[in-house]
Every structure is written in structure tokens, then in C-alpha cells.
Amino acid sequence: MLARLLDAFAATEVSAHCDLPCGVYDPAQARIEAQSVKAIIEKYAASDDPAFKERAIVIKEERSDLVKHHLWVLWTDYFKPPHFEKYPQLHSLFNEATKLAGASGAKGSVDPAVVEQLLGKIDEIAKIFWETKQA
Amino acid sequence: MLARLLDAFAATEVSAHCDLPCGVYDPAQARIEAQSVKAIIEKYAASDDPAFKERAIVIKEERSDLVKHHLWVLWTDYFKPPHFEKYPQLHSLFNEATKLAGASGAKGSVDPAVVEQLLGKIDEIAKIFWETKQA
Amino acid sequence: MLARLLDAFAATEVSAHCDLPCGVYDPAQARIEAQSVKAIIEKYAASDDPAFKERAIVIKEERSDLVKHHLWVLWTDYFKPPHFEKYPQLHSLFNEATKLAGASGAKGSVDPAVVEQLLGKIDEIAKIFWETKQA
Amino acid sequence: MLARLLDAFAATEVSAHCDLPCGVYDPAQARIEAQSVKAIIEKYAASDDPAFKERAIVIKEERSDLVKHHLWVLWTDYFKPPHFEKYPQLHSLFNEATKLAGASGAKGSVDPAVVEQLLGKIDEIAKIFWETKQA
Amino acid sequence: MLARLLDAFAATEVSAHCDLPCGVYDPAQARIEAQSVKAIIEKYAASDDPAFKERAIVIKEERSDLVKHHLWVLWTDYFKPPHFEKYPQLHSLFNEATKLAGASGAKGSVDPAVVEQLLGKIDEIAKIFWETKQA
Amino acid sequence: MLARLLDAFAATEVSAHCDLPCGVYDPAQARIEAQSVKAIIEKYAASDDPAFKERAIVIKEERSDLVKHHLWVLWTDYFKPPHFEKYPQLHSLFNEATKLAGASGAKGSVDPAVVEQLLGKIDEIAKIFWETKQA
């Protein structure tokens, strides 16, 4: 179920119809950072060293910001009006995903369930992304 | 027609119903940067000093990125599902505004008309924003 | 012959008909971030979730840095020698405000009184700023 | 007793069943940015709009910095002494790749051949990276 | 022997034996970046490759921003009210130096004379800085 | 025939009469940040104010990142193949130093011994650096 990053590159790059500068946008960027957030949350939960836990929060915050940033760039720079027409859920999907990336309720910030939801949204976005690339 | 920044703060802060941490979100942030882009474009057009023009492009790029960033933050962090229901155009408005902020077609990048359109979109967003704050 | 890139905005904007706060420089930028710091401190105090409190500290640090940055830009880029002559307290005002923005004594870092002082200094700066724009 | 925050991801992910590219470290990050540099160089060459070309240079500079950053992180944070023993060319490979990412000789800065070399080095690094993940 | 993080600089640094540059604050940081600006200007002047010249402008802009940043930090974080009393020119010195760092008049932006003035101001600041460290 | 933008500084600075630390590359940049990390660790240990300690962690993280960045730049941009031939330990030295800068084991993250080791590595690098400048 995980995106095969290098494979995906190959797939796009060897595509007979891909003579454009492609591969610059890639949902893998957001996914890598979201996986990092997930792993940080696990390490946070497993630790009882206050300094380590505090560092984990600092770094998780940066990684979450990167998830948001990569998603925003896809939403604004890659997707075009025809995509939003064909996939009417796309706006909400990005809005929900970026909200999850920034989720910070009392429970949300270190709750593994939240980052799993985020990964799910990113996978939905990635699925649409690769469909539009094949189109 | 311009947002009255300080007045707007006062307006929200003294609002009897404002018991939330308000004033942190403000479309003025995006507008200030977009005005900066506009002024840079004017200076760019008026100059024939290559080094000055190149600096203008560098700085304009940064300012445009800030416009996008401030808009993305509003879209993801301030606006909530009920807002998107009440203002169905809101997703498109933000998507178009951020696309304009990053507009970089051969003509677009230093075309005053593009930044005027951007300012118009930001004003539409600001109008909705302040309506939601009054609600 | 070219005026400074950003400063010249004033010249552009202070056309005879422009008596509105429409410049690219605007103390509102610093104030928005300082209000954000204030709201974060309130949320920090109200929470007893360690992860939330740690995130609050991370984000507050960023926002405080932005307050400092916006104030420094005003001080260096907007204000000119005649302003400093007319308002001899201006240097100290900026120095004290940026020191407050970075205040980090044991009590200072999450003390609402510190951020209130900061907001007061920013308002003093804003008052002078708008006087110079009217001049 | 705690493993290093990010490095420990490898340990987590290299469970017996994890033979997919699912780590937080991933040479794809550097590759995506390098492909972006390549695409920018092509667009730069194809354009004769000075403002567009200048923007291309600004953005290419940022992307090149990201290539360097992602490679540096891999070299410092992912690879360990045993890797450097097993792959004695690894230090030079990273040093050459990051030098290429920053390459700016007379021809280099917009020379497609330089970015092709860079992509080749990244692919060599990626090959070693995935070998170490399988190990 | 090392400076006490935020507050206690004064306390530690006034040690009679500390005549080395061992503090966390060091005007060398600003000077290194200013020298970089100077060298970039020289390379810019010596080149007639448009892409190289454009990259030089991009990088010079970043370096100038760093000069400003390092100076602002010194002014706000290191220097204290007693310093400003003893050296009444200190506020102006920093204001002029940061203005020079951002100088971008028609000739200024790539004018070696401007960066020489900047280096001179930084040296004046450094002289005062080291005097206060000896005190 | 243009030399690389930044590398060429070396050429400029390695004039026969330049025996001062006046180059654009300067290991002092990494050392200043590492000293900052050390001082932060001391303050962290001396404090029992949770908010202060959390801020210390945030700022230490940034400073450590800067140490890594300055070292990476030296390794990639300043040092050349002949240097690596003459000083075969140089690759490992940088790799170990940057690993130490990011060290975050249970004890490492606020352990004064780790930062002392880091300072030692930076001093070894600096020694080699200045030897190459004299050469």
C-alpha cells in the first residue's frame, strides 16, 4: 500500500507521453514527512526522558509544517481547474489533510490515530495525483 | 476599500462575543505582502538597472511566497467546515488567489494586472473572513 | 537615481490622495504576531497536557521571532534619520520592544504581563509610524 | 538507552516484513528536487523572457539548496560507520553529489549535463541506500 | 567561561581573563557575511555571464539579509541599557550599518564602496563590543 | 572560465598576505553555534522552570542545526579533492562532527560531554582549514 517512490519515478519518466518536465511534483514528499511524524510520535510515546520528549515535539512540529507545505504546493501549483471538476472532493481532501497535519488538540498532537488518518488522506490524494498523471 | 488594519483589530477585540484567542488570523497579512509585490512590479518596470531589476525579482519571489503562505494558513487553520458550507466559493477563491500569487507565466510574473487580480481575491477573502468573525 | 527598493513604497503610496494606511510597512504585522504570542501564553496556562504545552512553547518561540523580525525591519528600513531626530525615544522604543519580544527570564517567557508590555510598546511605535505617514 | 531519534526509524522499519521503501530517509527527496532543477534549466533555456529567466534562477537556487540539504542529511544522519566501511566510495560520492548540486561554473549553472551528472550520483547513492536497507 | 545563555552574558563575560572571542555573541558573524557580500560584488562585476550574474544577485541578497540579522541580534540581545548610555552613538551605528546592509540604490546594490562602508561600521561595532567584554 | 561563485573566495583570500581569519569560509561560524549549544545545555541543567527548559530545547535544536549546516557547507563548498587526499581523515571528521551536532541519545541531547566532543572535532577541522589556507 506504500507508494513505491523510485518505481513511481520510473513509471512516470518512461511513460511514452511524458515529454514534459515531470516528476517535480510528487505526493511522496508529503508522505515521507508524515511517516516521519508517525515515527516521532512512536518514539515520543516510548520515551520517558523529558529532554528527548521535548526534542521530539520540536522536530515533529517542523515535520508537520513540511507535510502541510508539500500538500499546499500540490493543491495550488499542480492541480488545475479541470482536476477539481473531475474530483469534486479534492478541495476538501486537501483541506482536511492539512488540518490533520496541523492537528493540535490536547489529544491530537501525539495521537497515532491522527497521523494514520493523515496518511490515509495523503494516499487518497496520491491516488488521484497518479490518475491525473496517467490521463 | 483598503482594510483598516488597526481598526479591524479594535473592532474584533472589543466585540462582546469575542472570548476566543482572536486577532491571530488576519487577511491583512496576505494583503500587505501582495501590496509589496505590486510595488515591486512597479519599481521593476520603472527601472533600467539590471542589478536592481534582478534584486526586484528575488524579493518579489519571497513576497509572493509569503502571500501564498498567509493564504494557505487562513484556508487550513482558520476556516472550518461550516464556513465552507456557507461560502461554497471559498475553496476556489483560495485556490485561485494562491495560484495568482505564484503566477509565473511569461507575462504574468511582472504584469500589474495579475497582482491587481490577486488583491481583488484577497479582498473577497477578507470580506468573508470578517463576516465569519462577526457571526 | 533609483530610490531604495522597499522604502520607495512610501513615496509611491503617499501620493496626495493616499491618506489611508496603505503602505507596505505596517506595524500591524508585528502586532498580529504579538497577539498570537499572547493567545499562546493564555492557552499554555489553561492547558495541563504536556505535549500541548510543549507545542505551545515551540510555536510561541517562532511567533516571538517574527515579532522581532517585523520590528527590526521597520526600524532599519522604514524609519529615517529625520524620524529619529523628531522622535528621540524611537531607538530605545524599538530596542525595548524587541528585547521584550525575546524576553525569556524564568518568569518572563510565559508571563502575560511581559506580552502586555510588548503590545504597549508596539502601539507606541505604531502611533509614531502613522504620524510620520501623515506628515 | 534511547536510540537516536531519526536514525532509529531504520530499526523500526527494517522489521523482517518490511522490504518496501518505507523509511523516513529516502533518496527520493533529493532526486525530486534534482529533477526540479533539471526541469527549471530546460525552461530557462526555452524562454527568452528576462523576468521569467530571472525567476527561474531564483527558484533553481532554492531547489539546488534542497538537493544539497537532503543529501547532507542522508550522509550525516542515515549512514553509519559500518556503511562507510562497506562502501568506501560513499564519502566521495556524497561530496561530489553535493558539489554538483551547488555547481555554478561558467557553464555549469544552467548546463543540463551538470544536472544529469548529479542525477547519476543520486542514483548511485540510492542504490547503496536500498542495499543497506535490505541488509 | 562561556557566556551564560540569554540573561547572564554580562555576568560571565566580564570575567577579567576572558579576552578571547569565546562568547556566543560575536560580531565576526556579521563580518563574515559582509565579506561574502563584498566578494560576490567583485565576482558580479568581473562576470559577463547573465546566469552567473543573476545567481550572484540571489546569493548576495541572502548574505545581506544575514548581515542584517546578525547585527539586529547583537543590538537587541547583547547590548544592554548601560552600553547605550556609555556609547550614545551605538543606536545610530547599528541603524546605519543595517541600512547599509540592505542598501540598494541604483549604484549601491553592486557598489563596492557601499560594502566597504558597511565593513567599516561593523568594525566600529566590533570595537565597542570587545570593549564591553573587557569591561 | 568563471570560477565557482563561492569557492573562488578562497582564491581571493589566499593571497600571500592574508594570514588573518578573514575568509568567507570560516570554521568560526560552526564554533560560535556549538558554543551556543554548550551554553544552552548549561542553562538547561541549571534551571528548574519547565517553560524555560522547553525554550532551551527549542533554541538548542536550531543552534545544532546551524552547526551542522556550517560544517556541511565547509565540507562541500570549501574543501576540494586535493584536500581530501592530503587529509584522509577529513571525510570522517566532518561526518562525526555533524553526527555529534545532531546527537540526541538519551544522555546525549543535554550532555555537556557530547558538545565538548563536538567542539574538539570542530577545532580539528579548523586546524586543517587554516593549514590549507596557508598552503
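A, B, C, D, E and F are the chain letters, set down in written order, and residue numbers restart from 1 in every chain.
As a convention for this text, a contact is a pair of C-beta atoms (placed from the backbone, for glycine too) under 8 Å apart; a residue touches a chain by one contact, two chains touch by 3 or more.
Because the structure is predicted, anything quoted here is derived from the model rather than measured.
Contact with both chain B and chain E is made by C, D. The interface with the greater count of contacting C-beta pairs, when E-F is set against A-F, is E-F. The chain with its Cα centre farthest from the Cα centre of chain A is E. The two copies, chain A and chain B, are related by a rotation of 180°, based on C-alpha atoms and rounded to the nearest 5. Chain geometry summary: the mean Cα position of chain C and that of chain D are 39 Å apart.
With centres set at the average Cα position, the gap from chain A to chain D is 19 Å. Chain D and chain E have CA centres that are 33 Å apart.
Each of the following residues of chain B touches two or more other chains: 47, 49, 52, 54-55, 58-59.
Chain pairs that touch one another are A-B, A-C, A-D, A-F, B-C, B-D, B-E, C-E, C-F, D-E, D-F, E-F. The touching residues of chain C, when paired with chain A in their complex, are 47, 49-52, 54-55, 58-59. The touching residues of chain B, when paired with chain C in their complex, are 2, 4-6, 9, 21-24, 26, 28-29, 32, 35-36, 39-40, 42-43, 47, 49, 52, 55-56, 59. Partner chain D is touched in their complex by these residues of chain B: 44, 53-54, 57-58, 61, 104-107, 109-110.
Residue ranges on chain B touching chain A, taken from their complex, read 68, 72, 75-77, 79, 84, 91-92, 95, 98-99, 102.
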